[in-house]
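Paired with chain B in one complex and with chain C in the other, chain A is shared by the two complexes that follow.
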Partner chain A sequence: MKKILLIVFTLNGMIFPQLNDSLNFHSPDNINKFADHLYYSKDYFRASLEYERLLNFVPNDTTVFKIGLAKQNGKQYNLALSDFNDLINKKSLLSESYIQYYKTLFLAEYDSLLITSYSNRFYDEVAYHDIHKLYFLSLIRSGQIKGKDFELLERFNKEEKTVLKRFLERKIQPDHKSPILAAVLSSVIPGLGKIYTARYEEGIAAFLLTTVFGYLSYTNFEADHKIRGWIFAGTSFLFYAGNIYGSAASANIYNAAVNLRFDTDFNFYLKNNDYLITKEPVFK
Partner chain B sequence: MLPFSILLFLIYCSGFCQTTFEEQFSYAKNLFEKEEYFDAVTEFKRLIFFDRSGEYKYSSFMFIGKAFKAGSQYSQAAESFTNAEISSKSTDQLFEAKIEKIKINLLRRAINSADNQLTEMERDKKFQSRISEINYWRGWFYIFNDEWGKAAETFSTIDSSQFLKNFCNNVEKNKYSVTFAKTISYFIPGAGQFYTGNYISGAMSLAYNILSGYFAINSFVEDRVFDGVISANFLWLRFYNGNIQNAENFAVKKNLEITNLALEYLQNNYEGSKP
Partner chain C sequence: MKFLLSRRSKIHFVLLIIFFPVLFCNNGILAQGNWDKWQKTKINYIVEVDLKERDYSYENLSVDGVILKSAAILYWSFFSDLDGDNCPFHPSCSNFFIESSRQTNLVQGTLMFFDRFTRDASFAGRHKHYPLYINGKFYDPPGNYTLNPEFLHYHFPMTLIIKEE
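This part shows the complex of A and B:
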């Protein structure tokens, strides 16, 4: 009987640590599982903290890479850049790290940094291919594209090429309005500058107000009501001058809206197409 | 002896899982009580992830929702209370989750959603035994919807809410009548501004109307009909309309100040349940 009891407690002792381990929420394996779960639930900040905890138990470059990705998705771009840079310096997960480093630069809209740090020293053809694409996209967004750069369009497939060409046209020849021309037009005919910047109602209102108050001023001077004449003349002048300034401002607002529309459309297209990156990171 | 040992062993093993989850729940709850909301949410999420039986799901989602609410992250709080609703295992749990969601919607001024949820609960036979609680939150809905009179009426049906009834009645009495402010401005320009205590604006409004009216009438008297029409349309009418709009805006603004003060008082001094 004693032997049987001994066997029972020995078994108990053997099984217990296993159970203990499988239900230890803070074992490295469980931290990793939980962190992956947080990442896929898009709780990126908590995911990055859990991966960092995991690093204390098991230093691992894949975990550093995951931290970088979590920070990139959580819009902590500078921290993500630092993580990917560490991996590049260690030559670990080199092509993936390079792609994500450049993708982070692109997401953070560090276009100048991306363009200047771009070089041909890449690990494999896929990374090379993707980084060229990101470089080209940065050139489009920042409007720094030059003759030879157009050759990079060949890196994209037919459908992507068609869309990108349209974006390029919008960037190179934007539908902008000249603030000076708008001001000149409004100084010749009140409200014309506003009509030029597609603000038709404001243009008509400005024309009516300026001329009507001008006319009132004229008739009051004629009827020898000098004070009223000056009041209406002053009002008319205020509308006239305000309209000239308003037309120039309206052209600037119009141009800002054109630029904003371009940025919104461009970013929306890229986001929906995974930034045209071929090689996506896969958790191992 | 042997069967006893085996029994002991089995109890020990089966009870272990329970204990571990219980410990994790207590740990997370303790963090919540210490107002360490970020860590509390992480630990409750960890518990939900590992607790495959779903035993702690409802309570954990409720705590997560409350933690997000304490951090003013209302969208995430609403999402957690929805998850709590889905995980609820009894009518009482479902009721609590739904009420928490209504409170969040009131706080984030999603008034229509709160209204729809309350209507749904009022019609649901499951909750008829708790109708006075639903009415209580209906009263709060009226407060947040700026219908203080209706709120007072609703609270009057609940014995324990007489303080809120009187409070809402007082707020309703103190508010300015927007219609009255506009109407008196139709008859005497500037009067609506005087009624809301904006004396300088009222005096200026009156002066503008007298001056522009004089310009218009004088032009007609001197047979300068076109001048008269233009002055009446572009000056007098503009100032007259502006005076009415101004009176309305002042009344609305004053009412907003009054209701904001009332809400602030309730937030800081009312000790009963509140959103």
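This part shows the complex of A and C:
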């Protein structure tokens, strides 16, 4: 009995290997399931590889579409654009492919390309609706929005409209500081330009350095120490001139911070709301 | 053998001969290689000093270059050598001066340097304005101060910068 049990336990794996078809991991159906699993686990790179492997067994436009989606999510935007473009040329999955093509352009921040390639030749009303939205969002982000484009705001629902109006205000009238004004302010009172650009500590430091060296120069000239007087005067002047220059540079940095904050907030809002697209691809 | 072992013992012996290589030699044959990866690493405790190599020579320099090099040598001798590696910014003030003069010109580079000196002398609030470089210093590249938007790369304060741009 012991011998039988020993043989059964040891040779079990050899006698009963995995012969069941459902456990054939390389069957097209299982490759598809595995690729879908990878996609939903956000392992987009490997998902796209599995879909490409599936394409060798079963050429299928849905699989090409899935490859495009996996590449889009994996930030391989140029490859994704090529996949969606192929589908558009084949007129397969047309409205979905158009939406994803424009979404990829938006994600890749190819705003000028999106705006120039935007047209009204879409068959599906939902696709038409979504592409209008992406076009409008691209106009906001790139700052190319004009009077007649504001009509497109009507395509968004009430809540989206409120948020987008706020973003539009921030884009059209950003809280920028003028570099020229900052330089002028610093030339009137050293450090004032820095304070104008919200660099309070640096403004105070600039004021102290300029005035202290100026005072040292004055007292040295008064005591007839001309060489020291000129050295301190020169140093004070360089701090004064450097501060005027630095205030203009500081205003530029302030403006860059405002722009970056806008871009970050805008992208964060869109990402959390699926880029305001109504027709999202769902596949099982 | 024939006389020493019973039948049951013979079976055990044969089984042992079959399974021994499988059970025990397996690890030996398929042992993990790449020992360099897994063995104890040698830790270097020497702190990397973030100073660019100093070149004191005046060979093949233009008039601007001679003035810039003289100013840099004076700064190295009277400030850097005495102060040590205590500049709160990356790149350090002397490197900032050299880089800014290279990127723009001597006059603009001097103005940028004095502005940097003001920021260096500012006593508080640096964490509200500057990102952090990997060496623990505040990252303040000269490109942000050239007044040319192409060179301006803004990062949010206290963001960790791994590599210089």
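Here, the second predicted complex is superposed on the first by the 263 of 284 C-alpha atoms of A that agree within 3 Å, B and C clash if a C-alpha of one lies under 4 Å from a C-alpha of the other, contacts with A are read in each partner's own complex, and residues count from 1 in each chain.
FYI, a contact is a pair of C-beta atoms (placed from the backbone, for glycine too) under 8 Å apart; a residue touches a chain by one contact, two chains touch by 3 or more.
Just so it is clear, the model here is predicted, and its values are computed rather than measured.
Asker: With the two complexes superposed on chain A, say which partner A:Val58 touches: chain B (first), chain C (second), both, or neither.
Answerer: The answer is neither, since A:Val58 touches no partner chain.
Asker: Under the stated touch criterion, which partner chain does A:Asn220 make contact with: chain B (first), chain C (second), both, or neither?
Answerer: A:Asn220: touches chain B, not chain C.
Asker: Between chain B (first) and chain C (second), which, if any, makes contact with A:Arg199: first, second, both or neither?
Answerer: second
Asker: Is A:Arg46 contacted by the first partner chain B, the second partner chain C, both or neither?
Answerer: first
Asker: In the superposed arrangement, does A:Ile172 touch chain B (first), chain C (second), both or neither?
Answerer: In the superposition, A:Ile172 touches no partner, neither chain B nor chain C.
Asker: Between chain B (first) and chain C (second), which, if any, makes contact with A:Ala256: first, second, both or neither?
Answerer: Touch status of A:Ala256: second partner only.
Asker: Let me test your reading of the model: by the given contact rule, A:Tyr245 touches which partner, first (chain B), second (chain C), both or neither?
Answerer: second
Asker: Should A:His37 be classified as contacting the first partner (chain B), the second (chain C), both, or neither?
Answerer: first
Asker: Quick check on my understanding: which residues of chain A belong to both its chain B contact set and its chain C contact set?
Answerer: On chain A, the overlap between the chain B and chain C contacts is residues 209.
Asker: Using the touch definition up top, name the residues of chain A that touch chain B in the complex.
Answerer: The touching residues are 1, 4-5, 8-9, 11-12, 15-16, 19-20, 23, 25, 30, 33-34, 37-38, 43, 46, 49-50, 209, 212-213, 215-216, 219-220, 223, 228.
Asker: Touching chain A in the complex: which residues of chain C?
Answerer: That would be residues 11, 15, 108, 110-119, 121-126, 129, 144-147, 149, 152, 154, 156 of chain C.
Asker: Going by the contact rule at the top, pick out the chain B residues touching chain A in the complex.
Answerer: The contact residues of chain B facing chain A are 1-2, 5-6, 9, 12-13, 16-17, 20, 24, 41-42, 45-47, 49-50, 215, 222, 224, 226-227, 230-231, 234.
Asker: Please output the residues of chain A touching chain C within their complex, sorted ascending.
Answerer: My answer: residues 3, 6, 179, 199-202, 204-206, 208-209, 238-239, 241-243, 245-246, 248-249, 252-253, 256-257, 259-260.
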